[in-house]
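Pasting the structures here.
Common to both upcoming complexes is chain A, partnered first by chain B, then by chain C.
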Partner chain A sequence: MLARRPFFITFLAPAVLTAVILAAAIFEVLQYSVREFIPGSLNVGGFTLANFAALNKPIYWWVLADTFFISLLTAIFSLLASYPVAYALVRAKKDWVRSALVSLSITPLFTGEIVRTFSWMLTLGTDGFINSMLRKLGVIDMPIQLMYTRFGVVVALVQFSMPVMIILLATAIAHVDRDCEKAAANLGASPSAVFWRITLPLTVPGILSGIVVVFAWTMSAFSTPQLIGGGKILMISNLAYLQGFSVLNLPFAATLSLVALVCALGSLALMKGVTSRIERRLAVN
Partner chain B sequence: MKKLAFALGALAVMASATVASAQEKLVISTWGGNWKEGVAIVGKEFTKRTGVEVEYITGGTLDRLAKAKVARDNPESDLVNTTAHVGYLYYSDGLMEKLDWSKIPNAAKLYPMAKRSDYTVADYVYVYTPAFRKDLMPKDFKITSWEDLWSPAVAGKLGLPDFDPSHVIIAATKLAGVKPEEWDKVKPKLLELKKSIKAFYQSDATSQNLMRTGETPVQVLLNINGYHLEKLGMDVEIDVPKEGAVAGTDVWGINANSKKKALAEQFLNIALEPAMLAQLCNFHKCSPMTSEAKLDPEIAKLPGIFTSQEAIEKGAIVLDDKTYATLLPQWKAWFTENMMH
Partner chain C sequence: MTATPTQEASRPITSQEAGSAVDIVRVRKDFGSAVGVADVSLTIRKGEFVTLLGPSGCGKSTLLGMIAGFVTPTAGKIVVDGADITDLEPYRRDIGMVFQSYALFPHMNVHDNIAFGLKMRKLPAAQIEAEVRRAISMMKLDGFENRRVRQLSGGQQQRVALARAIVIRPKVLLLDEPLSALDKNLRAQMQVELSELHRKTGLTTIFVTHDQGEALSLSDRIVVMNKGSVQQVAAPVELYRRPANGFVASFIGEINALPPGRCEVKDGTASLVLPGIGPLAFPATPAAGFAPGRQVRAFLRPEHVRPASAGEAGPNIVTGTVEAHIYQGSHTITRVVVEGIGLIETRVTGADIVASAPVGTPLALAFDLGEAVLLDAGE
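Now for the complex of A and B:
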């Protein structure tokens, strides 16, 4: 192929260069993870496995479990919140409704993560929008704690992930063969039966890709848990940041980063296995 | 082809012009926001006297340190403005030039404690101290001692910096009557503080935001931030506990391998002029490192403002930079593992 089309080399060059730089960076992280930390110095010492041994503390297992749990919750709630929007986006009859839905669901992608997180801080805070409304309506006397909780972090991450989930689901819904739905309806299926037994199963590949993408994305979330979690809710990237840029323990930060990478790849491989099995089962049925 | 050659030629001219103008500039690494504005007060005066422009590169304390380490042989800046114990990390790693005091005669007017090392010189002192929103705490609530942070009235209301737990650790050692190096002895006491902590802030901005929104009506904060909140009309009381507030100093250092060492020394000498320090400290509301710098009387009487070295030693807990720099990683690691989650 390359001999017949030499311009392919030119096309491949940027990708190869990026891959080489990425591999070099990962190698650097790897070599830092097996170096000794010297307190009060920027230099690292000799080779050691002590950083991996230091992981054997409950805090690190908790943070890993929390990261996994928050990522999973975010993926599931993003799916639940995004599916109706994506469905309406594809199936709306009026052009202006579709345009409005596209604008509303995609625009957040163009605002930075920090901006969105700050707006959630204003919404979830003690004197924020939700607490103020609930107090004015007489539902609560004292503000409820929404900031610095897993709930607050998940809510903000769900909103952050929704545009991507909506795009993936809308693509899947748009590819559903409407004739199948019409056939089911002609055979007497109610609209809800058509949805649950035809439309939804046919969009499962989109649902699974959405879950995998949002899960992997959330595993590396940083600023949202940092700001909404206020240091009380730590995800693995926050812990790596604290070790690297606060303690200046770059070797241990590298170890945590490596663990995060392995966990993310492991989770993705696991999910890939599960999704392939589901897709195969659906194909057979 | 001619057009392409012309365009490339124009680009080359523009690039060389940029390099030329960069050569005439003194580059200073400092924090953003108010801190940069403070340094810019000196920068303007420096440009007025020398005709040399000042360029600022801004960032957080530790990411600037990381960048300096990466650019060791060809530093991005000529002067560094950072925290004193981080200054130790710079020079212990060979990232700062030894200061030639004969080229900085104004340094002689400073308190002896201002010469932090052969490489760094401090221009002002600030403190980390408890503060609280009077309108959000009980009427009879007062902070006279660091011990008050452990009181039931503070439960679930305290905000602390996530980047530096040293203040409460140093305070706990002071309360227990042990040296900071013996902080192991106060771990149980520190764990008791968990019930008071509501959140950790990541920066001056988030500290101010948590106080403004009332999320953490009690904080251990930088006194300068406290005065800023008062200026914004917030009902904040800043208290210096009887054990003393925890002092911090910012220092200047010249980047190792800077090609503009003479200009950097000239800048430092201007920065350390008493009149300049007075202007800077009136701006930040901090304590200058010389009694020759005359503060506005209104500022001089604020809690946490000192007008002599004796006053600093009496009203503040001061730790040497090496001890601070070597203990901080241990404190931080322990705090992250035991207090934050």
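Now for the complex of A and C:
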């Protein structure tokens, strides 16, 4: 098409420009990661692999493991919380229920990450909504610690990722052939058997892509763990930020960013392999 | 959506109903203000092959959906094997169904598709295996057990759908236009297989189709539906030869509708007097329903209209102008416009008529009125 309509090439310009700038930025990170850190200076020294050697400390492995762990928890809980919503969104009989669910699940996408995180701080804080609620109800005497915990971070990240998860799941659920569900019922499957044996297996592709997308997305989360974790919960982006802008060790921050990138790409590739194997076995696509 | 209790619906089940396989008692389904199925009553005997036939939107699929339990009737009741199942959930009904799209489970292989209903019934594994194997060999699917259903041809998918439905030994087998997705040759073959399957299993079968050819060749009885109502219930031959009304007459096969006229007996000859045309003579035995003075519309199949031989004259011969020939291989349908009557189709063996009566030339037609269907002129 491009050969016959050369002017289409013009339309590629923005994409090419973006790609070039991104590649340049990543290259810059790459070259920073192999430079010597000069304490007290923003300038960097000569070539060194010391930054990568410095990675081999329990604290960094711990942060990396925690990042994986939080991302996985977020993906799983996001799935569990989103599936019923997506199911209701697709299957609700009343039009207004469907449109209400669509607006409720999509609008969070249009509020910024900071705004949403700040709302969670108000909710989870010592004098926040949950604690004052529980205290008024007499369930607890002392406020429970929700801020600066892994639990708080995961809760906020789950809510943050739900719109995307819901969209992916709703698409998958909408594609399920209703006749298959009817056929199962006709063959004696109770409504719950229909769900577990037909609907759920047929939506596995959507479930897998939802998990992959949310996992990768959460791997790079920054402001939510930064504000709600408050330095007590560190994900890899927060560590890179700390190194780059508190310690001003830009080369090591670059190394950490690179590690984060490689880990994200690596886990995506791994998941892709796993999911395509599951999908082949189910033969849903 | 609650059923209006009528006297009919609340009366006790009679012994006669207990002997029948399916009793549909004044079943009605409204969609908002539109009527989907209007007060249909129908009794289907055990082992019978009954076809619901009608144009799309006539309510046949809705009726089938109500028997399967996917559609809740607005009123009336459905009795299967003597038990009222009107309010029973679909999965408790023991009714097998083959869907138009087959609705095979794409994430299961052929074996697991067929075994699904038995697994849901929690039968012992050994029994499931035996039953599945029996169904597989009955539907000639041996060797396909581990195939993905997506890897099967249309005809094979059809057979899996049938095997899956009959393996549960249903009280009734419902077939929702199962042949419509197949190409013509395969459709003819599946028709044969369907009637063979029915003969072997003896299952009470309700078949939904809009194809009159399928209906005529497969059914013990045909239920013709239009606009939610039953038009006629009859055996295929009866339906073709004695349609109860104009809709059935023109829906089943081709038929010529003559303008309204009056039955008369003059000088000992029974005839049909058409205004502006004059009398057309019946043979010695007039068509069923002939009564002097009765206002009727006569319907005549194309095979009962023949081109008159040269020089032939008589009181049942009319002349028109050839409008078109539709050559169909074994026979030719010739359309003739007759003044005062309208378009008449005649069906002649072979293709000779195409040359002997070119388009635009006059052609004399002899009506075999003894085979005519006489319906009230008000129809």
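Assume the second predicted complex is superposed on the first by the 281 of 285 C-alpha atoms of A that agree within 3 Å, B and C clash if a C-alpha of one lies under 4 Å from a C-alpha of the other, contacts with A are read in each partner's own complex, and residues count from 1 in each chain.
By definition in this document, a residue touches a chain if its C-beta (ideal position, glycine included) is under 8 Å from a C-beta of that chain, and two chains touch if they have at least 3 such contacts.
None of the values given here were measured: they were computed from a predicted structure.
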item	value
Chain B versus chain C as contact partner of A:L202, first or second or both or neither	second
Partner chain(s) touched by A:G125 [first = chain B, second = chain C, both, neither]	first
Chain B versus chain C as contact partner of A:F245, first or second or both or neither	first
Partner chain(s) touched by A:A183 [first = chain B, second = chain C, both, neither]	second
First, second, both or neither for A:L282, with chain B first and chain C second	second
First, second, both or neither for A:I59, with chain B first and chain C second	first
First, second, both or neither for A:P6, with chain B first and chain C second	neither
Which partner, chain B or chain C, touches more chain A residues	B
Chain B versus chain C as contact partner of A:P14, first or second or both or neither	neither
Residues of chain A touching chain B in the complex	37, 39-43, 57, 59, 62-63, 121, 125-128, 147-148, 226-227, 230-232, 234, 239, 242-243, 245-249, 252
Complex contacts: residues of chain C adjacent to chain A	68-70, 89-97, 99-101, 103-107, 116-117, 120-121, 148, 150, 164-165, 168
For the chain A and chain C complex, residues of the former touching the latter	177, 179-180, 182-191, 193-194, 197-198, 201-202, 282-284
Chain B to chain A touching residues, read off their complex	60, 62-63, 65-66, 69, 88-89, 92-93, 162-164, 198-202, 206, 209-210, 213-215, 322, 325-330, 332-333, 336-338, 340-341
